[in-house]
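The following pair of complexes shares a single chain, chain A, combined with chain B in the former and chain C in the latter.
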Partner chain A sequence: MKRAGFIASFLAPAVLLYAALVVYPLIQALTFSTYQWRGVSAKRKFVGLENFQTLARDNDFIRSVTNNLGLLAGAGIVVVAVSLIVAHLTAGPGRSAKLLRGFSLVPQMVSLVAVAVLWQFIFNPEGLLNATLRGIGLGTWTRTWLGDPRFALGSVGVAFAWYAVGFYALLFGAGLRNIPAEVTEAAALDGSKGWHQFANITWPMLWSVKRTAITYLVINVMNTFALVFLMTRGGPDRASEVMLTYLYEQAFQNSKFGYATAVAVGNFAVAMLLSLGILFFLRKDPTSSRRSA
Partner chain B sequence: MSLSGQFRPVWFASLALATALLAGCSSSSEKSTSASADKPAELSGPLEVVAFKGGYGIDQYEKAAKEFGEKHPGLEIKVAGDPRVWEQLRPRLVAGNPPDLMFPGWDMDVWGLIEEEQLKPLDEALDQPAADGTGTWRDTFDPNVLKLGQKDGKTYLLPYYVMTYGWWHDPGLFAKNGWKVPATYPELLTLCEKIKAKGVAPITYQGQYPYYMIEGMLLPWAASIGGIAAVNAAQNLEPGAWKSPAMLQAATMIDDLNKKGYLQAGAVGMSHTESQTQFLNGKAAMIPCGSWLQSEMEKSIPKGVKLEFFLPPTVPSGVGDPTAVLIGVEPWMVPTDAKNPTAAIELFRYMTSLPKAKEFTETKGTLMAIKGSDEVKLPEVLVKPAAAMKSANTLWSNQFRSWYKAAEKDIEGALTSLLNGQITPAEFTERCEAAAEKTRNDKSIAKYKVS
Partner chain C sequence: MNRAIRVFFLILAVLPLAWVVLSSLKPGTEILAAPWALPTTLRWDNFGKAWSEAGIGKAFLNSLLVTVATLLILMPISAMAAYVLARFPFRGNRTIFTAFLGGMMFPQFLVIVPLFLLLRDWHMLDTLTGLTLVYVAYSLSFTIFVLSGFFESLPDELAQAAMLDGCSDAGVFWRVMLPLAKPGLLVTAIFDAIGLWNEYGLALVLIPGAENRTLPLGIANLTMTQQYQADWGALFAGLVISMAPVMAVYWIFKDRIYEAMLAGSIK
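Now for the complex of A and B:
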């Protein structure tokens, strides 16, 4: 009994902090989403689940969820693939590997706002990308990247990938260094190298890093706001609208704070479901099952 | 790469609730209004002014407050400003602790404030004498401008500076090429062909913010074709008004300019500053914009480039008033929970007195809502807007944009799709009508009428 109290006294500060800073605001959000509230006075009206009923039928919200998922599928795969390549290239002890490791992290040190402005310049109709295309004789490929509904979301995805790769390369790099040298050496002795080694040894053994990285990536993409807001404002005609820019619009432009909180709850639910799905999908450590077999 | 974004709305909500709870606890007994006095009581106590700090800064408000404070030594006046002041004011309004006098800027939902009874009706004050003692305060304002802040016959929002919307060109560039400012749409088409032949884009626009085009082309042209009644009907959400023949023709005119290659390629994806820079650098010959253009772009105007205003070209076959001018205001107001409303009103009465209004026009280069305030040596850029306003038989404003933001957003999206060639003008007006109908049927949205 004494021991339990002792343990509780150590756990209490963390639990209390977590409750105050995470659980309480979440409950608050759930409460707010059942109100109609303009956010300009203390007056609000209880509407029950009406906001959620509207949300389920709101084509603009559904579009923003689809865009978030599209961004995840497109930019997510690119980020994982490129950061794995970068991690491999920078895994060595050489000076060039170190240099590359440093370079790949530079975008992470730039504020997201600056990243958005930079890519806005690149994608500008008179910007770097179109100028380069013209310069190499591909003038017919030039586009209004951010103003064209076919390319706006993809363009934001490119900016996101550019920004995010460094961080995930760092994660995967740490994972690679954690793979015991004897395992790769033994595999090499057995004749496994190149893609075979990656597919059968490295990729499975990156399991825990992979799990963390993908979960984190999902949360990151679901919470995209600044890049979209600054580069396209969700346009043209909602072609690049994501959940959080839609939330912002509902709250701060349309003064529908209750509804905006319902969007936040929706956003939370989508991110949560996806994260749980990934944790479930990647629940088994492939290396441990092999060991027990 | 932070997780904080996920919880931001939650944080905001909890913060707002906390402030709301605090408001409930605090006493509101300090309110003291002495409006009944024949002989006004001497003003005293703290007086807090919070203003939008945009292109015109807040130095003129600070100066006026200082002068006013010298006349009323009992007052402790504090003036504060911020470029995103509406964000700071929202939680204060929720908490019932707003400033005494506020100018919350263009992104505050001022009509929401009126709906929530957060603003004081100012008619009683307006019917009292003006600052110079002759006539009422109300009479010193241009009535066309004053009515933009009224609901159900009560005035909640007071105008200060007035913006005019139209088109801009560089007279030097025009003279050099022998181009003439187009007064009508057919003249515009002829001119665009000439400009295009020179390798210059005839017209650029702020594609990321489609309301510039709505207010620079769509609505003025609909008004020129069908008369101001056509636009009023649309603003009043009358069934069918957004797909009226006038609106359809106006949309078709935009589509024609686009298809003929007269609108700058790629402008649909440009921000306001990007497109305005294109214009200033001579890549495009004309741009629709409000009278703030010069002050907004001051630092980017190349040497030798001058900006001159002209009204959107009119449609000769239309029934509309060719002198009509579209105007806009960014209003000032006194919150219901202001602790020193009397002093706030008196300070604003002083700020809108003729000498102070003239001073603002001269130093900041903007027109004012106060009659006679343009009788000063106007900055060059203001000469044309002032002349247009003076000779206008119709002054009107696009209030739809601030009344019905969700519908406005739908219409803006539809316009972008029209410019991207994804929908036809008829489909565009159908989408506008659908947006208006959705608003019409939404009981949670308060409805307004153009007065």
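Now for the complex of A and C:
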């Protein structure tokens, strides 16, 4: 009995705070999305699933979903490829490998606000990138990167990739260390090395890390907010709009709190569906059959 | 060959940040006019301007206050909950643990509207107290998850010996287990602190006014105001001021930080 009191008293502060500020708003989010509501309680009107029906026909929302998916495909491939290379480069002993490991995570430590400001200056029409292009005689390649609907989203993707690579390199690095040395040694004895070894041994054996990395990528990209909000405001003309900047606009500029919450639920649903799809797609360990054989 | 590629990626990671530091020492007009040139005169007064006139000093202190206050509440209550969840198999234990874990699954923007209205009703919108409480609540999941791992790995014998010596359950925790878990507490706190120092989305919505801006809000605001003056020196100095503490902490604790970053992602 004394122990029950001890357990309850130790759990209480965390549980109460979590219930009030995490669980309760989470339940509210689901109910809010069924209201037409501008934040004044008297004017709350139950509309059932109407917000979601509107959402499904809202071209600006659909645009933001496709932008999110485009960002995921484009930046995702770049991030996975580059972080795999960096992971290999940091795997060895030696000073330069250790230095790279240390410095590749430095962008992760910077606030996304700082990342956005920095890359704004790089992509500025008079900025670092165009100045460098002019300096090396590629003046015709200069663009108004963030102001051009064809390049705005891609430019944000570059900033995201720069920020994110360090973490995924760390993740893949841990995966590489988990591959038993006997496996790679045996493969090397059989004459498998370089690209052949990577494609046939390393890549399949990174299976569980790959799954983790892709799930993280889905979540990170679907949660993109600060970079787009600060670099382009979703523009020009919604060319780089993502779900969460659209949510912010609906909620805190248009005061459509009910509709904004429906956007939030939609965002969560897209992320969940994608994650579950990945877990299903990568459910089988491709090395298990070989191991048991 | 590999070394050259390593140097290439190293430069890619660091060069943009080195450019920020270089620009923070330049006269504002030279930053875009001659981006790669060394400063003609070293403008240390950019830092003074950023700190006082541009409001970065105030934002720095706000961020410091919020981060420290959050950790002071977060670490004890998470440690207590994690300890009980890790070492006492009472009924409902797994349900509570899973509920805490679930908090890491959804984006904070899913609840941003209800959270905004909740704080508004509690008259805590635009206050550092409100932001601190929200930060504690949204850091609980990760912190409890990592700390319960540390408490699980501690040996049983010490706790039993202390019980035999007449220690109460709470006494065992405060006098024996908590000191043993110190390394775990330190890594987790450092990792939480970095995230809190850099947090933007929640602060943007929950701190609409100017008085209580945290550093990320201050920097974002400075970008907009400086646009009209075209004097970027103070902005870059502000960026350096906001990044420097995190960089120092990262470089001192980087091997421990790697562990925290991988916690939960590698099984």
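Keep in mind that, in the parts below, the second predicted complex is superposed on the first by the 261 of 293 C-alpha atoms of A that agree within 3 Å, B and C clash if a C-alpha of one lies under 4 Å from a C-alpha of the other, contacts with A are read in each partner's own complex, and residues count from 1 in each chain.
The definition used in the following text is that contacts are C-beta pairs under 8 Å (C-beta built on N, C-alpha and C of every residue); 3 or more make two chains touch, one makes a residue touch a chain.
This structure is a prediction, so every number in the text was calculated from the model and none was measured.
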I'd like to know which partner A:L146 touches here: chain B for first, chain C for second, both or neither. first
Taking the superposition as given, does A:R233 touch the first partner, chain B, the second, chain C, both, or neither? first
Could you say whether A:A271 touches chain B, chain C, both of them, or neither, answering first, second, both or neither? both
Just chain B (first), just chain C (second), both, or neither: which does A:Q36 touch? first
Contact-wise, after the overlay, does A:F257 reach chain B, chain C, both or neither (first, second, both, neither)? both
Is A:V242 touching the first partner chain B, the second partner chain C, both, or neither of them? neither
Taking the superposition on A as described, I'd like to know which of chain B and chain C A:I122 touches: first, second, both or neither. second
Check the contacts made with chain A and report whether chain B or chain C touches more of its residues. C
Touching A:A114, do we find chain B (first), chain C (second), both, or neither? second
Touch test for A:T212: chain B only (first), chain C only (second), both, or neither? second
Overlap of chain B and chain C contacts on chain A, residues 22, 24-26, 28-29, 32, 39, 120, 124, 126, 167, 219, 222-223, 225-226, 244, 247, 251-252, 257, 260-261, 264, 267-268, 271
In their shared complex, chain C is touched by residues of chain A numbered 2-4, 6-7, 9-11, 13-15, 17-18, 20-26, 28-29, 32, 39, 82, 85-86, 89, 92, 96-97, 99-100, 102-107, 109-114, 116-122, 124, 126-128, 131-132, 135, 162, 165-167, 170-171, 174-175, 178, 208-209, 212, 216, 219, 222-223, 225-226, 230, 244, 247-248, 251-252, 257, 260-261, 264-265, 267-268, 271
Touching chain B in the complex: which residues of chain A? 22, 24-26, 28-29, 32, 36, 38-43, 108, 120, 123-126, 144-149, 152, 164, 167, 219-220, 222-223, 225-226, 232-233, 235-238, 244, 247, 249, 251-255, 257, 260-261, 263-264, 267-268, 271
Within their complex, chain C touches chain A through residues 2-3, 5-7, 9-10, 12-14, 16-17, 19-20, 31-32, 35-36, 77-78, 80-81, 83-85, 88, 90, 96, 99-100, 103, 106-107, 109-118, 133-134, 136-138, 140-141, 144, 168-170, 173, 194, 197-201, 205, 215-217, 219-220, 223, 232, 235, 239, 242-243, 246-247, 250-251, 254, 257-258, 261-262, 265-267
Chain B residues touching chain A - in the complex, by the definition given at the top: 1, 3, 5-7, 9-14, 16-17, 20, 23-24, 87, 90, 93-96, 107, 109, 112-113, 115-118, 207-208, 265-271, 274, 278, 283, 405-406, 409, 413-414, 416-417, 420, 422, 444
